[in-house]
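Some structures are shown below for you to check.
Look for chain A in each of the two complexes below; its partner is chain B in the first and chain C in the second.
This part shows the complex of A and B:
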């Protein structure tokens, strides 16, 4: 049984409880008073199919599939405008990150959602050496749809790259090794342990 | 001995050959001038910024910051951690708060850190370089060291998001923080109090994944600087700096604008006002040259 099916079984008809138990800062969802200040404050507000206050009401109404398969929470730019303006001080940014992470964990994220893709690439890039390799991160963006479009994209952005190199704010040396922590295996051990602890907790809820 | 000393978390983009290496170079110069000693946290790692959440859950992300704080507590004993990157500062400070409020999270992160023989005490203050300038050094002392006032330089102070929210600088408002303007005035420049985009989001990491949506916001940030008669935009945030500076060609092509607006760091303004040359102020790291600032530096 997949974790997703396990969660559906366990929390049948109570998506709010599922969110409270498994989503970062999820216990705050019930505190939303539906004022809509978050929606009005979001810099990408017009691009959300369901702005935060709507997402909160949908969670309470048990609209599990609609929420978890939505690309709304992937529109969060982490500007924290909603957090500082929310009259009830809900940590909205974190709840959006939490919902995005949870949906991705369950395999429900819409296919080819660009920020979902990018956040994983960023994480993997960073975990290789313990520090972000900006050059490789940029290249993975250009080459995300394959070699041919990658070359096209690279040519399109050639001037930008040249500008950055000239200003010494991008370095070809990053392709060959580049910056990193001294003992990456130590860092990877730490993070692996953290992942094990977290996964065990979430999977135990689904059982 | 230096007058001020801190444990320094430079962050990925500040490294040599990275996108805000100009920030770290100008901060080094600034710290020389202000007698600040920065001790880099040995072997620091990435904080996963505000975009790592797709790949990492809460505990792995918080543990990245826990390792940095633990390393600082082990090697730079008793020193406040100071970050120059908005995301580094925010992620580390946020992790510290959560560990403070959540004993289970703290216990779990220490279980993970034990894999490499580290332990988090979580007793270290996490601060932004701007806080050091305002709270430890102060406007008055900063002003007293000005050798070349930034006369006639009209500066749009672009504070952005994460240096301002959710923590911000003590005593400043989220909606209209004034510290950058005060700093510009202290340096003899002309702050633009009517720059209404000062806390507008540039898209942050979504400038990579959602370039069209982000560039629409960046367009507004630059347009308002022009409308307000700015010579230059100044910011404390490395991602704001890069996003607002480097896509101006692409934005011009899309919107038919003719933007060529330099975007600099507060630290570069201080370097120049303190009489340092363009290279020390890392003005050679501009993609759009800050001509007026270079002229002042060359005087």
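This part shows the complex of A and C:
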């Protein structure tokens, strides 16, 4: 290894390497040239503690805890404005989701982060039958903060619910069982296998 | 024009800008026969539209005039203006070019007295000033235009105005019956010095060039400084003519961006640093310049100039690619939105005028060369043996400043000379 590549390796600190190996699309992080168009184009930009460009810089600076415990990547709404505008075509939206996913796997997600909570509810809901039960998903969202606020919330959206039932977009029968895929055990096998592969890959990292 | 003598020892130079002129002069001054084909009615190209050069801040008219004189004094050079190469066949040492010559409607009797221009009333967009103002239908493209000969706009032909121009001429120089002609020329080698054009700022949608009046391009800003330019040398806002003291420059407007031009256009950093001095030149300490940049590429000796501008307390550098521009409807001020990289602060800055430092792209579209030629992804001509006796000079090969374009043109002249020398059996 020449001196030059030695220096490059030194700059590619451990956290950047970790992100490249374990985060979806993480290998793109080093391509950011810090122009700031992503941050300026983000419609929710002012609500982020760290805009994407800053997150990329923090990764390169090795700030592992600050990044993975951050609320920022959970703020992404997948509007794709940043991807469209990025002069280097970084898949910024996907990197944000990749980071969020990785932080969750490590148990570093901030407590009561609503997007993280909802993602888990969505996943659990979908994994039961292989299809999303929208009635149950909606109700669990309404009753997220307890029984009283749940009832208030449900009454507020009563008209919408009735209209959806009238238009056959929602069925009360979904409360009991609900529809699903033909054989849920096959789907569960597929997911289990994928999880095994992913876990093995991440566990082998650094060994 | 059928009196042009061309053989397969002639060097054909396509384009009469600073690169084409340089290549022609270098080849002609060692005794080669050169024909220069220029699309516009005058030679000098985009350099003639510049106010000052960087980094010395001297006037391009000076060096341009010397080169015009060298061309006029040299019997080996034939300049054909208002002409385009429409066809090119053959191989190194034996090319035949078809050249379409558009009618100027003014012959060599013209003394540039201006009587025809005074006589006509119709006006057209002035391309020399990037359509920022109008010019007459009978016109001299600009004061120092070479050849010093008026042009009659083809849109005026057949109108009473054209007859008025003819009647006003005391030297019988106006010839309204001139026709377009196509001639064939032999050549041993061809130099493509077709130059560049500013990237179309309308394509950079978030910057609103098409809808915000006080967002202009760097080439337009340059024209404003010309005392004979569209604003008579005043730095003013297009919307209301008010003095533009608080000026923002946006770097990489179209360059270094996978959505627009992938390459770095190289000149824009220095051009904006240079143009920041124009604001100080006009308004002294009232000038308030902001330069928004990703990184300033003032390489090697240009760094001195960059440092000088950094020391100017009226110039602020903001490390950020501007995300979008919104117009303040109340006063016409463009407001720049973005996040800076030194502190990640969100900003919304209002300015009197915004200048987009637009990138350089080749002026010939890559699929429209009359002969097969190797170009890169950006459309610049590659140096490739497959191109035979066709060589690029200046900005047809890459985004270059004048200094490097001239060096490159000299190299192209040498390559062309080698080809015609082989034809003449002067070298192996």
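Just so it is clear, the second predicted complex is superposed on the first by the 192 of 207 C-alpha atoms of A that agree within 3 Å, B and C clash if a C-alpha of one lies under 4 Å from a C-alpha of the other, contacts with A are read in each partner's own complex, and residues count from 1 in each chain.
The rule is short, and it goes like this: contacts are C-beta pairs under 8 Å (C-beta built on N, C-alpha and C of every residue); 3 or more make two chains touch, one makes a residue touch a chain.
Note that the structure is a prediction, hence the values are computed from the model and not measured.
Visitor: Following superposition onto chain A, is the placement of chain B relative to chain C best described as a clash or a fit?
Guide: Chain B/chain C on chain A - fit side by side.
Visitor: With both complexes superposed on chain A, which partner does A:194 reach: first (chain B), second (chain C), both or neither?
Guide: A:194: touches chain B, not chain C.
Visitor: Looking at the overlay, does A:205 come into contact with chain B only (first), chain C only (second), both, or neither?
Guide: neither
Visitor: Quick one: name whichever of chain B and chain C touches more residues of chain A.
Guide: Of the two chains, more chain A residues are contacted by B.
Visitor: Given the touch rule stated above, what does A:50 touch, chain B (first), chain C (second), both, or neither?
Guide: A:50 sits against chain C, while chain B stays out of touch.
Visitor: If you stack the two complexes on chain A, which partner ends up touching A:142: first (chain B), second (chain C), both, or neither?
Guide: neither
Visitor: So in the superposed three-chain picture, is A:35 touching just chain B, just chain C, both, or none of them (first/second/both/neither)?
Guide: The answer is second: A:35 touches chain C but not chain B.
Visitor: Please indicate which partner A:78 is in contact with in the superposed arrangement: first for chain B, second for chain C, both, or neither.
Guide: In the superposition, A:78 contacts chain B only.
Visitor: Rounded to the nearest Å, state the minimum C-alpha distance from chain B to chain C in the superposed three-chain model.
Guide: 8
Visitor: Does any part of chain A touch chain B in one structure and chain C in the other, and if so which residues?
Guide: 84-85
Visitor: Can you name the residues of chain A that touch chain C in the complex?
Guide: Per the touch definition, chain A meets chain C at residues 33-37, 39-41, 45-46, 50-51, 53-54, 84-89.
Visitor: Taking the touch rule as given, give the residues of chain C at its contact with chain A in the complex, in rising order.
Guide: Contact set of chain C toward chain A: 206, 252, 256-259, 294-295, 319-324, 337-341, 344, 346.
Visitor: Of all residues in chain B, which touch chain A in the complex?
Guide: Interface residues on the chain B side: 12-13, 15-22, 43-46, 48-60, 63-64, 67, 108-109, 111-113, 115-116, 118, 161-162, 165-166, 174, 200-201, 203-206, 208-210, 213-214, 217, 242, 246-247, 249-250, 284-287.
Visitor: Chain B touches which residues of chain A in the complex?
Guide: Spelled out, the residues of chain A in touch with chain B are 24, 43-44, 47, 75, 77-81, 83-85, 93, 97-98, 100-101, 104-105, 114-120, 122-124, 126-127, 130-132, 134, 137, 141, 159-160, 163-164, 166-171, 173-174, 179, 181-183, 186-187, 189-195, 197-199, 202.
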